[in-house]
Each structure stands twice: as C-alpha cells, then as structure tokens.
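Chain naming follows the written order as A, B, C and D, and within any one chain the residues start at number 1.
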C-alpha cells in the first residue's frame, strides 16, 4: 500500500521493541501456568462435551473433579479423560453422557499412563483434524467465491437473544450484502466460568455462545453463501472467563472470527489478570491454528474516555495485542486489530482527525485486517443525525482501506438492532463506499497539514505511553490505572481461583501440537 | 485560492473568448429592443404600483394602454407616466389608485415633454435612491454581523404557498442556522405576464412572488437577524416573463439574491428567446445596481439529462451566463453560477466525479459565489438513503469551497419540505461541514488520478460544445436542440408579443442611469 | 384466508414502528410527554420518545419508537393496480395486431401548469425508462407526446384531430391537490362534449393511484415505478374490450 | 384548560407523521398495500407508502407519511419527572447544611450483570457530565460509587455499613426487561430485611422513567439527560421530608 502520512519508520520500530519488552515478562509467567479454562478447552478438542441435568457442562465436571482429587490439575486434564475413555471402552460421546449422568472419572487413578497417552493423542488428532478440515473448507470457499465480498468486509451484528431469531436476522443481513455476521453474546457471559450447552433462546442483549448455537448459525450462513456465491463469515466472542474454550468451540464449528483481546477481560470485565494472560495465549494459539481472525477490543477504550485525548492508548494497545498475538503464533493476516470512530461529533475537523488516525493504523499495521468500529458513544435518539454519523464513518473506513467494517446502526442509542436498522445500515454503506470507492487512491494529505500532524502526534504519544509502561511493567501499569482509567490489582478480579501452576509432569498434547504447528514456544 | 486540478489556463481563456463571441451578436440585437416587462419594471422603479379590482396590476394597465395608443411603446413608458403624475398633480401613490380605478393616462397626448422628463428623473431618483439605501443597509448589516454566517451559506427553501406559513417556516430555519431563505414561487408563475399584487395565501408548490410578500418576508428575516446577529439573505425567482419586474421589486424590497438565468425561461419554460434575452439584460442591470447576487439555473440541465454525460453543458452554460452577466455590468462577486450534485448514486466513484466537477467550477470561477444544488433526481421515497445522499453532497460542497449551498431535503421525492425535513437537513449539514471543515485545505488530488482527469475531460468537452455553438450562433443552437434536449424555434414560445422595437426617441432614464452607474453599454 | 401480520422489529409480532413528527409546542419535558401521549393516542400500545429537539421557539421535533397490537390481514390486501397482469412490448404489439389489426393512437401530455416532462417522457419517448422502451418504440402504437404545460382544451383538440384512442395525462405536482382540479377538469370537458366514451383515459404520476384516477372518472391510474408496457397493455386490452362491447 | 395540538408538517393541524417499519411479508404491490392498510388501521386518516424494499425473501421495509386528526391535550400532559424543580450544586449544599446539618451519605452502583459505568459515573464522579459536577464534588455529600456489575446483596450490605441515606441504582441494559428484574429484586431484598424505609431509593438510566421507578417501589427514577444536581436535589428534599415525618 501507498503510505501517505510520512510517519517515522524508526518510531514505529521503536514502539514494536517496547511492546516486545513489555510482553516478554508476561510470557515468562504464562509458561508456568494453566487454567481451568485451558484444560476444558483441551478436553473439548479431545471430544468432551455435553452437560448434566443442571446445565453443568461435562468439561467443567471433569476439570472440577480432577482439581478436587489428587494430584489436582497441575498435570493437565487430558490424560485422565483419555484414561477414562480407554477404561470404559466407550466412545467419547457415550462417556460424556455417563459423566453427565454422574460418573466421576477421578474415582480411580490412571491405570496405564502410556496407553492413556496414546488414546489422548488419538482423540486430539481427531479434534485437530476436524479443525484443519474446517480451515481447508473455509479456504476453498473463499477461493471459489473470490472477489464477491465487499472491501472492507461489512460486519453486522445480531443480538436477539434467541438463536432462531438470530438466524432470520442474519440471513436477511447476508442476503443484503453482509460479509460477516457476529452473534453478540448475552450480557455478561464473559463472567460465567463455563459455557452453556445446547441451542438457546433466552439471552439479554445478545445470545449465549454455545457450540450448538455456533453450529446452527454456521449452517444457516453456509446456505446463504451458496445462494449468494459469497462466503459469509461467522464471528463470536471469546474474551472472558472461557476464552480458550470458546476459541476451541469456534474452531470446531468453523467460525471465522473471534473477539479476542489480550486485556479486555481484565480492564472491562474485572477478570483477574494472571488468569487472562494465560487464557488469551492458549485461545490465540487455537485461533491461529484454525485460521480464525481475531478481533481485538481497542474500541472499548474510547467508549469510556475521550477519543481525541486517548487515541494513543488505542495505538499502544494495538502494539501490545500484536505482540501477544505473535507470541501465540498468530500471523499478521489474522490480526483484526481494533479501533473506533468515537470522536465527539461537535469537534471542528473531527472527521479529519479520525481520518488521520484510521490511516495511521493502516500504515502501521499494513498486513492486519483492521477492525474499525462505528460511532456508539455519541449516538443519540436522533436517528437521522446518527445515520449521518454512521455515513461519515463509512466514508472514513473506505477512504483508509480498513479490513473489517462494523456497520453502525442508526438506533445504537436505543435498542439492539431491528431488522430494518440493519437494512438501512447496509444499503447506505454500500452507496457511500461505492460512490467514493477510489478515494484512497486519489487523495494525498498535504505536507505540514493537520492530518499528518495528528497522526505523528498520536504515534509520539503512544511511544511515551509504551515507554512508561515498560518502565513500570505491564501488570503494574494496569494496577496503577494506566489503561482505560480503571485500576485492577494483580490479585483482584474474577477467576483467579481458576489459575493453576503447572506441575513438572504437566502434559497437554494439544498445546504441544499447536506450538509445533505454529512454530512457537515450548 | 489554491488550485489543485492543474487545469489548462489557456483552455479556460479560450472558453471565455468563445462565450464572448457567442454572446456579442445577441447583445447587438438586445440593444434595439425593449419589452413590456422592461417597461413595467421601469415604471415600478418610478413608483407605479397597485392593482385594479380584477387583480390587473397598475404597471400592466399603463403599459397596455400605451401600446394600444399612438405612437405605442417604442418610445418607452416612463414619459407618459411622469406626464400623468405632473398633470394630475398627484403623488404617484394617489395616481396609481386612480389608474387602478379606471383612469387611462393615454387619453391625452403628453403636453410638456420637457417637464415630464424632469418629473420622470425625479421619480426615478426616488426609486434608485431607495435601492441604493437598501444596498447600503445590507452592506452595513453584513459588516455588523461579519463572521456569523456559515461558509458556504446555507440556503433553505420555503414553499407552503401561504406567505404567513412561509414566515413561520423561514423563521424556524433561520433560527437553526439558515443563512439564506428562498421563497419558492408558485408553479408556473414564470408564465404569467404580470406580477400579482398583495399578500397571498394560495400558491401551488410555492408562493406567489409579489412585492408585498417580499416585504413581509424581509421584515420577518430582519427580525431574526437582529436576534441571532446573523444577516439572513432573502431570495426569490426572476427568470420568466416578468424577469425585469421581479428584479425591480426585489431591489426595492432589499432581496439579496434572485434566480436569474439568461436562458432558463427559453429552455425550461418555453418563453420566446428574443423576449428573454432582452428581459434578462435589464433584470441583471437592476440586480447589479442593487448588489443582488444572481443564481443561475444550470442545475436544470441535469434534472432531465444525465449528470455524468452532460456535465460539460453545465460548464458551457456557466461561461455563457458569466458573459451575459458581464454585459449587464454584474461583477463576478454577484454571480451565483449554478451547478448540481445529480450524479447517479449507483455509479462507482460517482462522488469523486462530483468532487472533480465541483472543484473545477470553483477553480474556473474563483470569484463567483457558486450556487451548488443538492441531489433531486435520484432522491426517492427512501428518506434514509436520501439523507445520506444529501450528506455526501454536503461533504462535496464544503470540500470544494462552494459559496451558496442549497440544502437537500430527505423528502425531496415526496413533498415540499415539512418543517422537520428542513430541521434535519440543517442539523446534519452543520455536523458534516464542521467535522470536515478544513478538508479543502488538507487534501490534494493525485496527479494522473481520476479526479484531475475528469475535470480536464469536462473542460475539454465544454470547449468543443462552445465551439460548435459559436459556429452555429446561439439562437440557432437553441433552435436545434443543443441545450437540454429541447428545440425552441426563434419565433416560438410564450411572450413574443411583448417584444417591442425601440423607436429612435426611446427614452428610459432608468436604463441610462443604470448603464452609467455600472459603466456599461450606451 | 386471513393472515394477520404486524410490524417486525426483532421478534415476530413485536409490532415495532419508528415515527417522527413535529409538534407546535416548545421543546421540553412537557412537549416530550405530549409527544408520548400523542403516539399512545394514535393507538400504539407503548411508546418511547427517544429524541426531542427545538425547531424554533414554538415548534419541536420528536423521534419515537412504539409498538402496536393491531395487525393487518395480508391476504385480503388487494394492491391498487390498474392491470392485473402486464405484457411485454412484443406481446402487446402482437396483441394489437391480432385483435385490432391497426395501430393504436395514443396522445400524452403533462397538463395544467405542471412542467414535469420526465415522467410522461419515460412512458412515451423511444428511449423509455429503466430498460423499458417507451410507446414511440412500439410498432403497433402511434404515439404523440405533447410535452408539459398543456392546457386540457389543447389536449382534447389535438386528440380529436389525431383520432386518438387513448389520452395519457401526467400530473406530478400535487401540492394543495392541484392535480385533482386538473384531472377533474379534463373529464368534465370531455363529458360536456359528449366525448368521454371516445377515449380511453389514463392518468399517471408519482402520487397518482389507480383508485384515485378511477374515482376522478379515468379508466385507470399509474403511479411511481410504472412503465410503458404496463400502460400499453392496459390501453390495448381496454380498447379491445370497448370494441367487443359495441 | 385544554389545548389540543397535532403534528405539524407544513400547515397547522395537518397532522403529518413519518413512519417506518418492517412487515414479515415479501416485497411487492400486495405488501405495499398491506403496509398502507396497516397504517390506516392504526388510526391515521390517510397514508402514502413512499418507499418499499425487500429486506429478505420474507421481510420488507416501508417508509410512509400519514396524517392524523387525533390531537393531544398539551396542557394536561404532565411530564414524568421526579423533581419539579432542581437546584444548583451550591444551593443543594446550602440546603443540606441548613436543614440537616450533616453530610448526606449516598451509595451508587450499576447492578446485576450490567457493566455500563458511564451513566452512574456521570452522576457520581467528581468530574460529572456535561458541565454538571458529580456528587463527589458536593461538600455536603459523601458519595460512594461501587461501579458496575454489583449484585444487589452487595449493594445493600455496603449501604448498611456506610450508613447510607440513599441508594442510587443505574440500569442501562433493558433488553427483554432484564432491568425490571434487577430493580424489583433490590426492593424485595430491602423489604424482606425491613430496611426499605431506611434508604431513599433512586433508579436511573437512559430507558428509566420516574413512573416506572415508582411503580417498582423506588422513590424516583431519572432518565436520559439527568444530572447530579437533579438527583441530589431530590434526595436531599426527600430526606428532609422523611425527617419531618418522623
């Protein structure tokens, strides 16, 4: 791509160095730990699934029972599960049902560890093969329907709370041109330390992320895709207490994108930071292996604080997310780094500042399919004004070559989208983007002008910010409230109890296999 | 202003030469003629006004009676009127009443021509002084409220048909930021060969242009102007059979802008071309003297034919309107040359072509306060899509530094504007224009890009078009259907009967005084 | 069969509707409450006024979302269309050739002071509109387009001379119901002359419906989105029908 | 006195309203007619469906303009506001000092799983919102902001310990009426403990009205566009009132 801002390549390189040295101590810590969620994710890949009559999922029952028994979870969960499969002589599905019905696989110690290991490898292969097939299928379809998607990809959310209504809404959106459907998760699912089971019809402000819901929506979108000859991507939300598990489920059901931020849970959901750092790495390895594009959550910084004053925190977080992603073996092409059009609409030249920032992100992360979020904070009940703000956002996005474009809804301040809101959003976005399609190619920004100056300024501020964080240490910086104005003590927050120190005999062939395939770590 | 398109200055100069040699034979013709409307305008400036019980205006009665009596209208109408004032010993107001009541001033021949001439000069001075005072008042207020208007001026129409409702709508618009209020004229008033009298409440698609309606609206806008400390300009429509009369009335009531196109009546209202050419010159001289900005009607070319294919006809017409305006002593600062955002919204890069054309007009006519018209043809009942099209138009206008910005209405395809439509238009335009305020300053168009190429292409096409017209002669070109796809024979169309050859003793001190003041002709 | 349908927001039968309007009252809590009560008064079962703003000292603007229980019977909604089924240009030419064996003469104009030509041109001119050729292109139609601003008298006079089978009248400006006057006048003039039966009379324009046109004494009316073949099909069938009746 | 007002398009009492909605029927003439009938069915006296488009095979979108005769009595529209008159920060501090002579303790939180902190922060944080300082800035208020995702039990427990005079509860997510559950639960918990009388209870959020809050057992509710001084004025007056009553 043609660069137009004249940003200092040295400063950009320096920011990457800082990010690397900020992340490196975290990675050292992460190495030594697993979590209940990492173990459950591992079990899921190996075939553990289902739930008991109270809705407690089988993977939770297994992990809880392992934790409760000797020697605990430090050695990993998979061996025990494989042992139980072996011993019972059942297929995993049948064993899962027994466990759901009350069978405790930890009643007896592992009998033949070597055999169990063998069985485990077999189970893991089945799971990973399925993920690999999903990946191939996606790649095949993308090839088959090449050139039929919009650029940027038009990303629409559905959020009825009922997966069957969601399907109707998603189909309609896809028929009208959506390239990506994100099923918004029910309020605060991120705080549940388990993933609900089965098709669900009762969410608030969103629909439960469950494997069955993933499957239902995937099937519906595949159908539209064939009809429209346009691959429709499916997105869900990983970050939260079940980050790696949801990543695993997404990989198994061929999701294409996953909300997955290295710090979102800590900052915006008050999840413990140790827990999050361990979880995010494992989840990203799964995403990387499955070819799933992550969406990071930098937009969230701007919903609470001012987009002009805090633009640099977004950039700094992008550098950190990038670094964390690399550590998990995720290539740049799968990094949907986030940013957002949240400038106060009353600011003179606000649109130009936005343009500067969006172009800056584009030039600093040229290979990443940036995820650009629409105005939300300054949307009001004035749906007409809102529609125009969304249109300016559409303009900015196309003008700066963003990769993933979250469509704004004119009713953002009122309700989760009505079917017609989505329709209006799509039709107007298609008009705007088509009518200024070659803008990025046509236009230069004047040297010494406000656009270039703004971009340079934000980069500069991000550098000092990263510098300060590097001095303090990332965990200390978070504890000190340097991000998003919230202080999160190291030992505070939810889910710390799910953190487990790996014992020397920790064995997780999924992790090993992923590291091998991705050429990282270990 | 900074030029960004790299247009050939030679070609621009060549287009001006062509326009000059196209217009020059028309001017020669014009010299030798007057029209009933020119005479009525002259009378109005000298104080003739009022109407008879059937609604026939006093100026019409006078002119009709002069035509009907010997030696007819060839010598001009003013001398007779002045003679009647003298002879009756009445003030013009009282005489007007008598005429309205049935007095025929041509019953007796002029007794003392020299005395009548003296009286006429006195009456004309009163009228022209009033116009001069209006002009000073406008300039004073513009100075007093300097910097308080929007840039471009936001121009809003009212069109209820009822002047009192219009006032409410206009006040609301002005309070919310309108800089210009145009009272749209009732359907086909341009075809009436008289100007109705008094306040009116019954128009179709617009309100009658009458002097009293002008006064009522002027007063209302002056009131808002004081409150808001922002001068509010008032606009009405001249082009049509009463072009010079309406110009005169506007000058007397301190209108600030006047729709006034040298060929609109011919092409779009089937008014005779001889008649129009004579009328337009006199009306423009009045506008020039009164400091009234004309608005030309190039937008009309694009409502019937395609905006991409026919962009050059707009430019050619601008050159002609400019030339006609110069011939009438109108300075560039008062030339609100028209163009319009009428590109088919489905065209890829249509917005960029629009940007090119708008920027081109700006660079070719740098001193003229260009009047930019919103999308109308492609507006549909989809008010949401329409609002976004209007927003793109707002963007283009601010981005290219237009002077007079006609606000688009989201309900353009449905009804004359509701109060809320205007409100939505204003609020969204203010947002867009403020948020990309410095765009024009910031952005360059790439050399060899589509924007520059488009501008060069349109200029080139306009040149060949003018070339062809020059070869044929303007009247012949119009007769051949070269403009707007309509053929208008020289002797066809309405109002030809109102054309009068000047006799050698033609005497019109208004014309003479205007030519003197404007330093032209004679 | 009755199939009751209701507006759909994001759940079947939630009845959600968006509204916007102006009230002639100052902006403020009382105005907002009045707006809410107004919407409830129109029969909506709940209403949220999500936005209000001052338009001037005495007028205020509201955006509301409301929901309704009142559905409509979809199955019994009969569209207001002149022709149940249209034909293509070729079919129409064929139909005229077979059933009448001569060209059909159609005279069209935009009447009164209405100066909008684009609509009538879309129907009549060779080029047509939106990939539908105009009547001038039909081999079995002799089309005369008088353009706009045509007085009713002149239209009738011309039609008499041309031996027209059908009159097409376009009306675009509808403010203060000016079109009603123009259209009514045409029919009255024809009736006064005893010539109403001589011509198939069709009205058209973006705000013209078939029902309205028929009420005003026309044979049919064509609204926005109609094409030459729709009206030609109607006219041809009508002439054949009239011929049979004689 | 009754003053009946109607929507205003461009003429007094023309009753013009813009509507848009989706119907679960395919796009087409029948859908358009159903849309028109639906609008008439809601009590509008005329309706033009100016736009229709297919959203999917089974859903279609409509834009309509309609007019209504039904006005609303402006004079009897009583705004749904907790405080008839608000006070400024200084007035409130003064009022508390004079009438109570001690600091008022206010505990606030966004409850349930609702994670929206911006609203409660706007009311409580020093900085405030839109040039209205938050409660932390009031000299005569001791403000405790517990943030978001606070279970009702924890809020009550904290309030008891802090010796709170008032509880401020924010609810932003309202889909499927999740807020009704959260708000009701708080009051029920307080009542079960016999402590409802001990605290002034105020709810707030963009979709919260005073009427709703009072219905659910709160003393007041504050919707979009409310500021710290509005709620502080209400709370202060209410405490003084309660003191008098004792």
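Assume contacts are C-beta pairs under 8 Å (C-beta built on N, C-alpha and C of every residue); 3 or more make two chains touch, one makes a residue touch a chain.
From a predicted model like this one, the values you see are computed outputs, not experimental measurements.
The pair from B-D, B-C or A-D that reproduces the interface of A-C, where over half of the contact pairs by residue number are the same, turns out to be B-D.
Interface comparison, B-C versus B-D: the higher count of C-beta contacts falls to B-C. Note on chain placement: the centre of subunit A and the centre of subunit D lie 33 Å apart, centres being C-alpha means.
Centre-to-centre separation between subunit A and subunit B, using Cα means, comes to 60 Å. Distance between chain centres (mean CA atoms), subunit B to subunit D: 52 Å.
Residue positions of subunit A with contacts to 2 or more other chains are 381-382, 384, 413, 415-416, 418-420, 424, 427. Within subunit C, contacts with two or more other chains are made by residues 8-9, 12, 16, 18, 20-22, 48, 53, 59.
Those residues of subunit B whose C-beta lies close enough to touch subunit A in the complex are 343, 345-352, 382, 384-385, 387-389, 391-392, 395, 410, 424, 427-428, 431-432, 434-439, 441-446, 449-451. Interface residues of subunit D, counted against subunit B in their complex, comprise 8-12, 16, 18, 20, 48-51, 53, 63, 65. Only residues 159, 161, 168, 171-172, 175-176, 187-188, 191, 202-205, 268-270, 303-304, 381, 413, 415-416, 418-420, 423-424, 427 of subunit B touch subunit C when the two sit together in their complex.
Residues 20-22, 53, 55-57, 59, 61, 113-115, 117-118, 149, 173, 175-176, 178, 206, 224 of subunit D are the ones touching subunit A in the complex.
Per the touch definition, subunit B reaches subunit D in the complex via residues 160, 162, 165, 169, 380-384, 411, 413-420.
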